[in-house]
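Below you'll find the structures, each written out as structure tokens.
Next come two complexes, and both contain chain A; in the first it sits with chain B, in the second with chain C.
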Partner chain A sequence: MSTSHAEHDHEHGHGSTNGDHVPHVLPFKVYIGTFATLLFLTVVTVAASYVNIGHTGNLIVALLIATIKASVVALIFMHLKWDHKFHGIIFVSALLFLAVFIGITMSDTEFRGEAEAIEAKNPVDLKDPFKAQRTGDIAIPKEIAPAAGGSAAPAAGSAAPAAVPAKH
Partner chain B sequence: MANTATVDELGHSPEVQGKNYLNQTAGVWSWLTTVDHKRIGIMYLVTVLVGFGLGGIFALLVRLELLTAKKTIMDATQYNQAFTLHGAAMVFLFIIPSIPASLGNFFLPLMIGAKDVAFPKLNLLSLYLFWIGAVFMLAAIVTGGVDTGWTFYVPYASGVSTTSVISATFGVFVMGFSSILTGLNFIVTLHKLRAPGMSWYRMPLFLWSLYATSIIQVLATPVLGITLLLLIFERAFHIGIFDPTLGGDPVLFQHFFWFYSHPAVYIMILPGMGVATEILTTHSKRRVFGYKAIAFSSVAIALVSFLVWGHHMFVSGQSELSSAIFSFLTFFVAIPSGVKMFNWLGTLWGGSIKFTVPMLYGIAFLFLFGIGGLTGLFLGTLSVDLHLHDTYFVVAHFHYVMMGSTAIAFFGGLHHWWPKMTGKMYDEKLARVGFALTFIGFNWTFFTQFILGTRGMPRRYYNYLDQFQPLHAFSTYGSWVLGTGFLITFICLARSLKSGAPAPANPWDSTTLEWQTQSPPITENFEKAPIVTLDAYERPAEETA
Partner chain C sequence: MSAKAEALGGAGESKLSPQFHVAHHFDKADTQFDAGRMGVWLFLVTEILLFGGLFCAFAIFRSKYFPSFVEAHHHLDRVMGGINTIVLITSSFTMALAVRSAQKNETKKTTLLLAITLACAAMFLVVKYFEYSHKIHDGLLPGGNFTAADFASGHPGIFFAIYFMMTGIHGVHVVIGMGLILWILLRNQKSEFSSRYYAPVENVGLYWHLVDLVWIFLFPLLYLVG
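Here is the complex of A and B:
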């Protein structure tokens, strides 16, 4: 940062009474302790991989240990624990942001092709392409609806009886 | 301290009178090594205008080719390259940096009463990165072009196309860093360098829109960087990531790409909305209606923009569940957009509207953004999009948003702030002619394409059915009017630079801080750090009494 700019910052330094930088010196043994914790957790990760608690179980354990390690790094090595709360919010926001990206993307990758499977079970009759759909969530026009149900119901918005099976 | 008897009407002492950021130092080197945000803004402005010219030439060539249903002036390969380069140049060289990097760089510090941005050297670095990225893109043009479309979809871009995909994508990758640095600089500047009394709610709304834009730039652009780098790795080293023949997933590329590129639409439009707000309030002499609603709607748009990327992929094989979720979420964008629209109209209501050139652009923005925004709802509706996807309806929609809204706002902002930037006024009559032809030509060109799209004309086709020819020809004629409009606008501004009348400090009688210093401003912006006592759009008591 240039001198002129430093002066400038000084002039307009209102509103930031504490400044961004919060000096905080930790004892050396805390760093060593953190390092040892990380190494220990690495050993635990490797050891846990030899214990078979199912695919999902192993995955959850591994992610749990990784989350603890990342938190220790962020909180102690990166001093987030003693920093402004605002910086903590930014850090957590970044994780949420990543979760949104991966989470919504998985709504695609995990469920891709399901409609095809449903359509395969109920192939469309080309001579009457809407026939199969009437058994689902599509409203049946009054003139097609069964006489018993149609007589009392109002003309518009009558729901399709879900129980009618498709005939193929 | 200056003798009060010799200061000018703005309180400038004799030492700074006649001095400004343009004449304080001279020579090319002084520009290339400057850390003054105003000079950097001007250099960005020149660069994006060159990008606009380049993209515009490709646009006119594409439209000329489509004049007839078969070959008109170029073969199919050249056509693919022309529309790709039109899109890539317009998106990456013009629209994304247009308002934030040029007008934003120039006016953000001025509007908060600061001397410069928080990191002036980083600001210069971002400009150089932008130039380096642009050089890679230009290299791609001269070493074989690019024919993938600006979206670089795989597997075509990663394994099939024989054009200079790596050079172009690497250029975009580098330009992304420029965008991130600018965004970061703006966020820190707005947090740390506001003048005494300039609270968040006293900031001009243009700055709120830049703040929201910067959040997107910082958060989303790295994802584009990663995506393009993965694409380059796949193309260069055949590492299977997206290409199905290598075990990859092409739809995953689209998730990655649109996770940036949809928010990027708001990188483009949000600053335009901010400019429109400044224009509408200044030239109607009305305090902005619903200040906080407009401010927070900018932030809301920025946040919602991250949740809707999949609406570009309704027919690309993504799961039906995803499509339904994205379709549902897409409608949320309409809420803050609608909030803005009604607040703009509320601002104009009862105002003493002057139809100055910037105001004409401002009103055109409202009209064109209304059409562009509402047709977005058509496309966000899953069942309708199945029919309209990849037709000219989409082309027309995003041109109404990007060009009709953002580019129109950019040119409105350029006319609004031109006197401040250059110290010169322009020929209003000529500027009006330029505006009129641009507005008519734009609607002529692109409204026609809504009709083409609904009739089933697919986008990016080289040859097309004869039944579409009259409408295509009509659209092409419109593009000539549009091109003429821009040409006249450029001539008008160039003439102003050469022989324009000197601009007063505040020609539009605006209330915001950038107009409270001389035109053009001195290098330090203000001789004394301003102390803000009024809201951005509040007039002093003696004026309103």
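Here is the complex of A and C:
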């Protein structure tokens, strides 16, 4: 990539005599070759979806082929291969942030209720995920709470705010 | 500078993109072109993150309601999805060639290629229209509007909510892209673009390729794998 980029600059240096932009025109066969590659990979991805290698296997194959197709489009149709390196860095950094975004989100949603044994007993309510912050995150066994109401009334003063929202 | 450029340019070259000039805060045309293109790349980053949120939603709900996703995705027409993939790849190809012919001062060819790109985009939307009307007819609608019977799994409406949102926002991008390509086509007919100045063709091309790029991921994920 860096070699092509250098050539590009080289061409610019010689082509431009009056400060005008001199385009870097790619041969027609590059475009037709890219087009044929994309059509071929589309057929491959459809064909691969009929081969049963398990849901995860099919997903990985489909994503792999899509990534190859996307790379071909970005490198050749979008001229990233001959473009300034910085434009490529912008593009790739977006993909890295996307990976962070999806990766960290799924590391949360995939493992809810599994982090600790106590969490499995009190799974987070998806519609009210921050309930624990309001209630002080105190686990109150439901069968004991009403019985304790009468005898341990003075002691339950601090636990009462936690018990009230837990009931509804 | 323009007088010097005309003197150096020789016969004919002074007629290329006569309205074009380099803004005074750029030292040369290359710098101006690169600055514009970098701006478009930064915009494309925001587009990736926009669609990224939807892909993230797809990933989470596919994992949570996996049987529903597998069952629901069989109700998408993969033939129509496949045709649309080929149509969009073809439009990307003609768009790339339009940029090339603009670089080579082939104005009429650029107009023709942009018109083909526009026709492909319109065809994509027509196929999408048939797909959508079929889904609406069958009651395969998002969330609470889902009315189709005989589904074994529990939450097919969530799949269709994501399907309509992802393909809908992608469709809006196709419509906006058509407007941009038409704008470029009309300007090209006024001979505004040449090897000296074709930045708008190149930049609309970049946007159009991104629309294609998003579909390259949408098609296998929604139609083929589910």
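Here is the rule we use: the second predicted complex is superposed on the first by the 91 of 168 C-alpha atoms of A that agree within 3 Å, B and C clash if a C-alpha of one lies under 4 Å from a C-alpha of the other, contacts with A are read in each partner's own complex, and residues count from 1 in each chain.
Basically, a residue touches a chain if its C-beta (ideal position, glycine included) is under 8 Å from a C-beta of that chain, and two chains touch if they have at least 3 such contacts.
Because the structure is predicted, anything quoted here is derived from the model rather than measured.
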Quiz item: Which partner does A:A62 reach: the first (chain B), the second (chain C), both, or neither?
Solution: second
Practice problem: On the superposed three-chain arrangement, identify whether chain B or chain C touches more chain A residues. | Solution: C
Self-check item: First, second, both or neither for A:V100, with chain B first and chain C second
Solution: first
Quiz item: Which of the two partners, first being chain B and second being chain C, lies in contact with A:T109: first, second, both, or neither?
Solution: both
Self-check item: First, second, both or neither for A:A47, with chain B first and chain C second
Solution: neither
Self-check item: Set of chain A residues, in rising order, touched by both chain B and chain C
Solution: 12, 16, 20, 97, 101, 105, 109-110
Quiz item: What part of chain B is in contact with chain A in the complex they form?
Solution: 35, 113-116, 118-121, 191-196, 219, 223, 249, 251-252, 255, 259, 306-307, 310, 313, 317-322, 325-326, 529
Exercise. Under the touch definition given earlier, write down the residues of chain C that touch chain A in their complex.
Key: 1, 4-5, 8-9, 22, 28-30, 33-34, 37-38, 41-42, 44-45, 48-49, 52-53, 55-56, 59-60, 63-64, 66, 70, 78, 82, 85-86, 89-90, 92-93, 95-97, 100, 103-104, 195-198, 202, 205-206, 209-210, 212-213, 216-217, 219-221, 224-225
Practice problem: Flag every residue of chain A that touches chain C in the complex, lowest number first. | Solution: 12, 16-26, 28, 31, 34-35, 38-39, 42, 45-46, 49, 55, 58-59, 62-63, 65-66, 69-70, 73-74, 76-79, 83-84, 86-87, 90-91, 93-95, 97-98, 101-102, 105-106, 109-110
Self-check item: Complex contact set, residues of chain A against chain B
Solution: 1-2, 4-5, 8-9, 11-16, 20, 97, 100-101, 104-105, 107-115
